[in-house]
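The chains carry the letters A, B, C and D, assigned in the order they are written, with residues numbered from 1 in each.
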Amino acid sequence: MKIAVIGGGSSYTPELIEGFINHYWELPVSEIYLVDIEQGKEKLEIVGNLARRMVENANVPITINMTLDRRKAIEQADFVTTQIRVGLLEARVRDEQIPLAFNLIGQETTGAGGFAKALRTIPVILDICKEIEELAPDAHLLNFTNPAGIVTEAVLKYSNVKTIGLCNLPIGTKMRIAQLYDVNPEHVEFEMIGINHLVWTTKIMVEGKNVTDDVLKKASYTKGITVRNVPDFGWDPLFLKSLGALPCSYHKYYYMPNQMLQDQMKAMKGGEIRAKVVKKIEDELFELYQESNLKVKPKQLELRGGAYYSEAAVNLMTSIYNNKKDIQVVNVQNKGILPCLPINCSIEINCLIDKEGARPIQPSENLPTQIRGLLQIVKAYEELTIEAAVRGDVDMALQALSIHPLVGADVAQPLLAKILNENRRYLPQFN
Amino acid sequence: MKIAVIGGGSSYTPELIEGFINHYWELPVSEIYLVDIEQGKEKLEIVGNLARRMVENANVPITINMTLDRRKAIEQADFVTTQIRVGLLEARVRDEQIPLAFNLIGQETTGAGGFAKALRTIPVILDICKEIEELAPDAHLLNFTNPAGIVTEAVLKYSNVKTIGLCNLPIGTKMRIAQLYDVNPEHVEFEMIGINHLVWTTKIMVEGKNVTDDVLKKASYTKGITVRNVPDFGWDPLFLKSLGALPCSYHKYYYMPNQMLQDQMKAMKGGEIRAKVVKKIEDELFELYQESNLKVKPKQLELRGGAYYSEAAVNLMTSIYNNKKDIQVVNVQNKGILPCLPINCSIEINCLIDKEGARPIQPSENLPTQIRGLLQIVKAYEELTIEAAVRGDVDMALQALSIHPLVGADVAQPLLAKILNENRRYLPQFN
Amino acid sequence: MKIAVIGGGSSYTPELIEGFINHYWELPVSEIYLVDIEQGKEKLEIVGNLARRMVENANVPITINMTLDRRKAIEQADFVTTQIRVGLLEARVRDEQIPLAFNLIGQETTGAGGFAKALRTIPVILDICKEIEELAPDAHLLNFTNPAGIVTEAVLKYSNVKTIGLCNLPIGTKMRIAQLYDVNPEHVEFEMIGINHLVWTTKIMVEGKNVTDDVLKKASYTKGITVRNVPDFGWDPLFLKSLGALPCSYHKYYYMPNQMLQDQMKAMKGGEIRAKVVKKIEDELFELYQESNLKVKPKQLELRGGAYYSEAAVNLMTSIYNNKKDIQVVNVQNKGILPCLPINCSIEINCLIDKEGARPIQPSENLPTQIRGLLQIVKAYEELTIEAAVRGDVDMALQALSIHPLVGADVAQPLLAKILNENRRYLPQFN
Amino acid sequence: MKIAVIGGGSSYTPELIEGFINHYWELPVSEIYLVDIEQGKEKLEIVGNLARRMVENANVPITINMTLDRRKAIEQADFVTTQIRVGLLEARVRDEQIPLAFNLIGQETTGAGGFAKALRTIPVILDICKEIEELAPDAHLLNFTNPAGIVTEAVLKYSNVKTIGLCNLPIGTKMRIAQLYDVNPEHVEFEMIGINHLVWTTKIMVEGKNVTDDVLKKASYTKGITVRNVPDFGWDPLFLKSLGALPCSYHKYYYMPNQMLQDQMKAMKGGEIRAKVVKKIEDELFELYQESNLKVKPKQLELRGGAYYSEAAVNLMTSIYNNKKDIQVVNVQNKGILPCLPINCSIEINCLIDKEGARPIQPSENLPTQIRGLLQIVKAYEELTIEAAVRGDVDMALQALSIHPLVGADVAQPLLAKILNENRRYLPQFN
């Protein structure tokens, strides 16, 4: 079995390699191609060599290949994963800082930051898809590249590649609920419904018992049900009760925007926006990765924010490869399972995973009205963003920002001008 | 033909009476019952006497009846109109001021103000509907009571009364476009799509020629396409071009919230919030109405904001009565004509008017994504508001405010507490 | 204004010319191009010369052109009408006789006969559409060519031409109801819902009064509500009551197949299948058309079956040209107005006619279950037929016949073989 | 755990008891209540005593209770199963013979026979549901009573009981495919889509390989993929190829009606209609059941037609009880998973089974048009039948028969009269 890892020079790669090593017994990978662009060559070398030491140390017969030739990596691959960042971390710094200059949330996947990232990323991903269509038409593309929901939808709409979008938030939520109840994660079941980074957990069962209301109470006081890169403000208990579902970490940008914005403003003033924190962590990680006696994934990687990332990725490949028919929360095409959203959009939802990919399971309950409304407007923003990215259409870009609940028409024009200008190297479609 | 005017003591009534007089030749009304509540008795007398002088002066055989007995007014009526304000203008003052205290738009139909008005109004309207079901089951209920879209939807969901919701904004828009092109309003056709006070004009034909793009350009510079009670800031031309449709006056709260909020803040500081301006106008109007030599609708009523109100109302009754099969923009049940909205919600759209009421005509084009998203979230807010109002459900009320684009979860709790508290006399369902 | 009449040599053409003459005052046609194929040259001459005598006699300034050059006829036309019969009347004879050989209804638009006609006709119509796209992109294509619903749907799916499908059955129904109540047809209103030649009248108003139930009673006894080319068996009164709507003439094939089949069998044995009757009438008509002193539409044309055909056609053009906004029952794209049918299929329904074409009006009531089921299976047959015709796909052709209520899987294979074989000259897509 | 078996005196009961015995290790049933009506008392005794011998012989601690008191049986039950036959086998004889007298297919679940059975059965099942709502509101009702799809839909529409409809056809299909490929049934996966007794297998995987096309070829020649009570005529290979899915046994009534009707006619003339064959088998079975040394399910029961019936039933209970999250094909509410059918109808489809019941999994592919059409018209028939049964509405009953592909309007009236007359003892709602 051949795996192509596009953006293989990422600091996350050792996480993924660890996953392949641990699951080798059920997922017999023979070849991994780490591929990156010219500017990432040095990092690719560092990460690739660490990966080789890791597989050697673990004594599994996986060959690690490093290459700048993307076509060679993709050719005949069984799985292609993408974890690219067009414009590198410098672009992320801008994604986070530009909105803050307009007094808006600056976040790399949500709001104006995620919008800018989508415009840069979608054309590159669609180029990759053309190569997959040609060189590995049966491959599954597992997309981790953010904004994962938007990118996955672009692939579903504009290519024939089999694709699934993946985020570590669902598995992280399961882990934290398991901790909360002190049970094995296997005994936690839940239904998540929504779109990537805007997904509600509508039903939670622990050891076969419905504990949804109890989690909503606990979540109000217990901090901890949040991903690392989102500040951990507790939820208001009355709000959660009225919502009737557990929001995800990124919901805080929508449900407590003032607090979140103040927090970001403070961080920015302290020079500590998330992109810079991450950049520092990354620099340290690559320092570490070069130590030739390092032969396992270093503990420090966990600070980077990708907890359970390899678990999510390798679980998905394993279930596909072994036709497991288990349930995982991933990003797939709606096809009518959520009738309130367009038939051809991407959604994040419980799916049955088998040899053919992922198919949604009908939710137990209809989506509550309060969830539906927010979901619909953010999905409309996503659709506009995809069209703007694919066509280079300034009008659609302007409307995308205008209707986003965290941006608005008041500020959309100068904000868009700045985003297009500061990213112009990466936005050929707008020139 | 018998007409029941509920809230007959309103300052608008002379407008309506004028309409009945002017259209008597095609709408042979024999009896008008003006009905009001005990507290409105004095105003009812004043308005009723003016109405009598008006019909006498016009020499039409219409009998004007004044009564505090609502059942008597409704019994056997052919048309029932409602123009009530639960809590009187004092409540409107609060509707406008409470949100401003939270730094939010304060408006009687949009946002938190409209929400409070809906909670107070829906139970009263549903009581009226029960009486119509009993006493005049074939009557058409023409609802002008704001928030007209929400109130109409509540009636559609919780009664069997035949109802149409009506606003003067569509006819006003037609009049202003006619002025813009210096043509007879008959030569203006348009498609309006949306929900009450959030309705887009997606296509405009003047003398059979599609002038939509031209109107969008003109609308950017020309002030004047706006209703009287919304400040007349011009639209940004690039924004209108990207939107591809003409927004309505109330869209300014959504598309230029900062400017609108500042304007309201300034007005409040100057003691000039709209409710107080209106109150002053009303006081002057009632002064005027008492002059026994006044025998026609006074010019000053136009300042009140209800321009074309009688025209809209009487046009609708006339078309129903005469089975005219002409097209008017009114509020009716969706029933699938806008597939992006719930099947049973109210929408504001071009309808064919005939003996049986109003039926939507399929729009020329699918709704653009940028319109769909905003429409969906505001409709979700409306649905939650109706459920909260009918059930007295605090959780739904909290979520309604939380997802409203002009309110938000950050501030919803204390805001709701204040609204419930200050309106508690009129909200028995929450006690 | 230029009109292109494709299949201009048809015996129906004088009917159409009469319509243009009578409505000249409101539809100022300057040029009519009658175009036909080489084999129809002689008939074209005869009909064209009659048309010239008609306009001259009527003293209207319309130029009649005859041509075999279709491109020249289409170029810059305002309206294109099609009334073609691929394979001529000889093909119709086969369409009617082949099914009878399998003990099945043989009818030129319904069942296996209509299926064969669709396979022959769709590719030719789509060729015409390519020319319209190129030479007259703003033209309205009014399609009378049968099976009109299927042909219209093929155009809607596979071309960009603005098209409306038209049948004389709706206007004929109105006329007969007017006769039944002895009123002016203007005082008859109705809602028709369905697909071409399978359309139910669900609501009938005469002089503003709902007489639906009364018509159902009358229709049971009164023969006469039927088109000329379908035998006039009366409906069973209990059946009509339980159906709750007035079926159309072609429904008899579905609701009384045994009686209809026996009638056809008898006709065939007597050598009097409809195609042959029509052929004889046509021969006589062309004899008549050649008389140089004939300067008006001859009375005998009415026997041909196209009553009100010119009225329907000219009414539609007049309403479009004059932006009349009146209501006509025509074939258009569903776009969700009947949620039980595919979004992109053709339906026959009350439409508002204006400058832009035809837009459905929402029906008063949801479609009754008994109507929905039959409508859905016949529409599925139509969709399969279109795909089979466009792709030359034998599997889809076989399934189309297999699910048709008047054919069935039992007999579909030998029947299809015979149809493909006997029509092979006109079915290049299957070779 | 308590099980209530309504219709416990059925000859099938030993099958079910065997299932409970075999699965006792994972489904710890403590009490089984066999309940029947007065007329079935004797059979109940016989079957109940055999059941007692069976559990004793197997040495499992299950208590068998026999009762005529349905409320006592239902009270606090965890699972309620129904396997009733209103009117006993005598009614089935009539269900099969009446249609044959009209030259129509006579079958106890399909066509006019199933229609009659539905009219008799639905009111009784809804009575049972009222008792479950009162006495065992958390129980799962597993409905085996035919017509299972129609009965399940009636329960879903007219009660609040949690219900799943079950048929042995899906599991039987799996078993036969396993035989065809000589593999363990565990290695067969498939997608079945449709409604009860009209369900297509659209995708078949054996040992992880898609063998759908191969099965379609094999199914054409190999007899054997059919249930015992439907004659085993082979499918035509070209027909199956064009269909693109494996039909179920009952499809033969729709796809080869002539052959099936002739077969039934022959059987009737020979006095061998299925009902009489079954009656004879039953008599022999009850003879056998009385032998006191019989302590296991007798081999002869297999002739009765319920192969894998206990397997299907106990599998479902086991998966619910153990929250297994495996996939079974059962009858549940559509809720939009098949957008071509009404939201609230019952469908038969692959479901995930867990503690809460069954939830559909999104099919891999959209339903082909040829399947959609037939499915829709038969579902419309089912909806009309349910309404007719619940309301005692003759008009709906007449329309139900009129649109059924195996009946038709030609014959519906005298047929309905005969059905209502001959079943009048069991149809109080029509009197």
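The rule is short, and it goes like this: contacts are C-beta pairs under 8 Å (C-beta built on N, C-alpha and C of every residue); 3 or more make two chains touch, one makes a residue touch a chain.
According to UniProt, the chain labels map to these proteins: A, B, C, D = 6-phospho-beta-glucosidase.
This is a predicted model, so every value here is computed, not measured.
Enquirer: Using mean Cα positions as chain centres, tell me which chain lies farthest from subunit D (6-phospho-beta-glucosidase).
Expert: Chain centre farthest from subunit D (6-phospho-beta-glucosidase)'s centre: B.
Enquirer: Whole-Å distance, subunit C (6-phospho-beta-glucosidase) centre to subunit D (6-phospho-beta-glucosidase) centre, using C-alpha means?
Expert: Centre separation, subunit C (6-phospho-beta-glucosidase) to subunit D (6-phospho-beta-glucosidase): 45 Å.
Enquirer: Using mean CA coordinates as chain centres, what's the gap between subunit A (6-phospho-beta-glucosidase) and subunit C (6-phospho-beta-glucosidase) in Å?
Expert: Here subunit A (6-phospho-beta-glucosidase) and subunit C (6-phospho-beta-glucosidase) have centroids separated by 55 Å.
Enquirer: Give the residues of subunit C (6-phospho-beta-glucosidase) that touch two or more other chains, as numbers and ranges in rising order.
Expert: none
Enquirer: Give the pairs of chains that touch; include all such pairs.
Expert: A-B, A-D, B-C, C-D
Enquirer: Which subunit A (6-phospho-beta-glucosidase) residues qualify as touching subunit B (6-phospho-beta-glucosidase) in the complex?
Expert: Interface residues on subunit A (6-phospho-beta-glucosidase), with respect to subunit B (6-phospho-beta-glucosidase): 236, 238-239, 241-244, 254-259, 340, 369-370, 372-374, 376-381, 383-384, 387, 394-396, 398-400, 402-403, 405, 408-410, 412-413.
Enquirer: Sort out for me which residues of subunit D (6-phospho-beta-glucosidase) touch subunit A (6-phospho-beta-glucosidase) in the complex.
Expert: It is residues 189, 205, 208, 323, 325-327, 335-337, 339, 352, 354-356, 359-364, 366 of subunit D (6-phospho-beta-glucosidase) that touch subunit A (6-phospho-beta-glucosidase).
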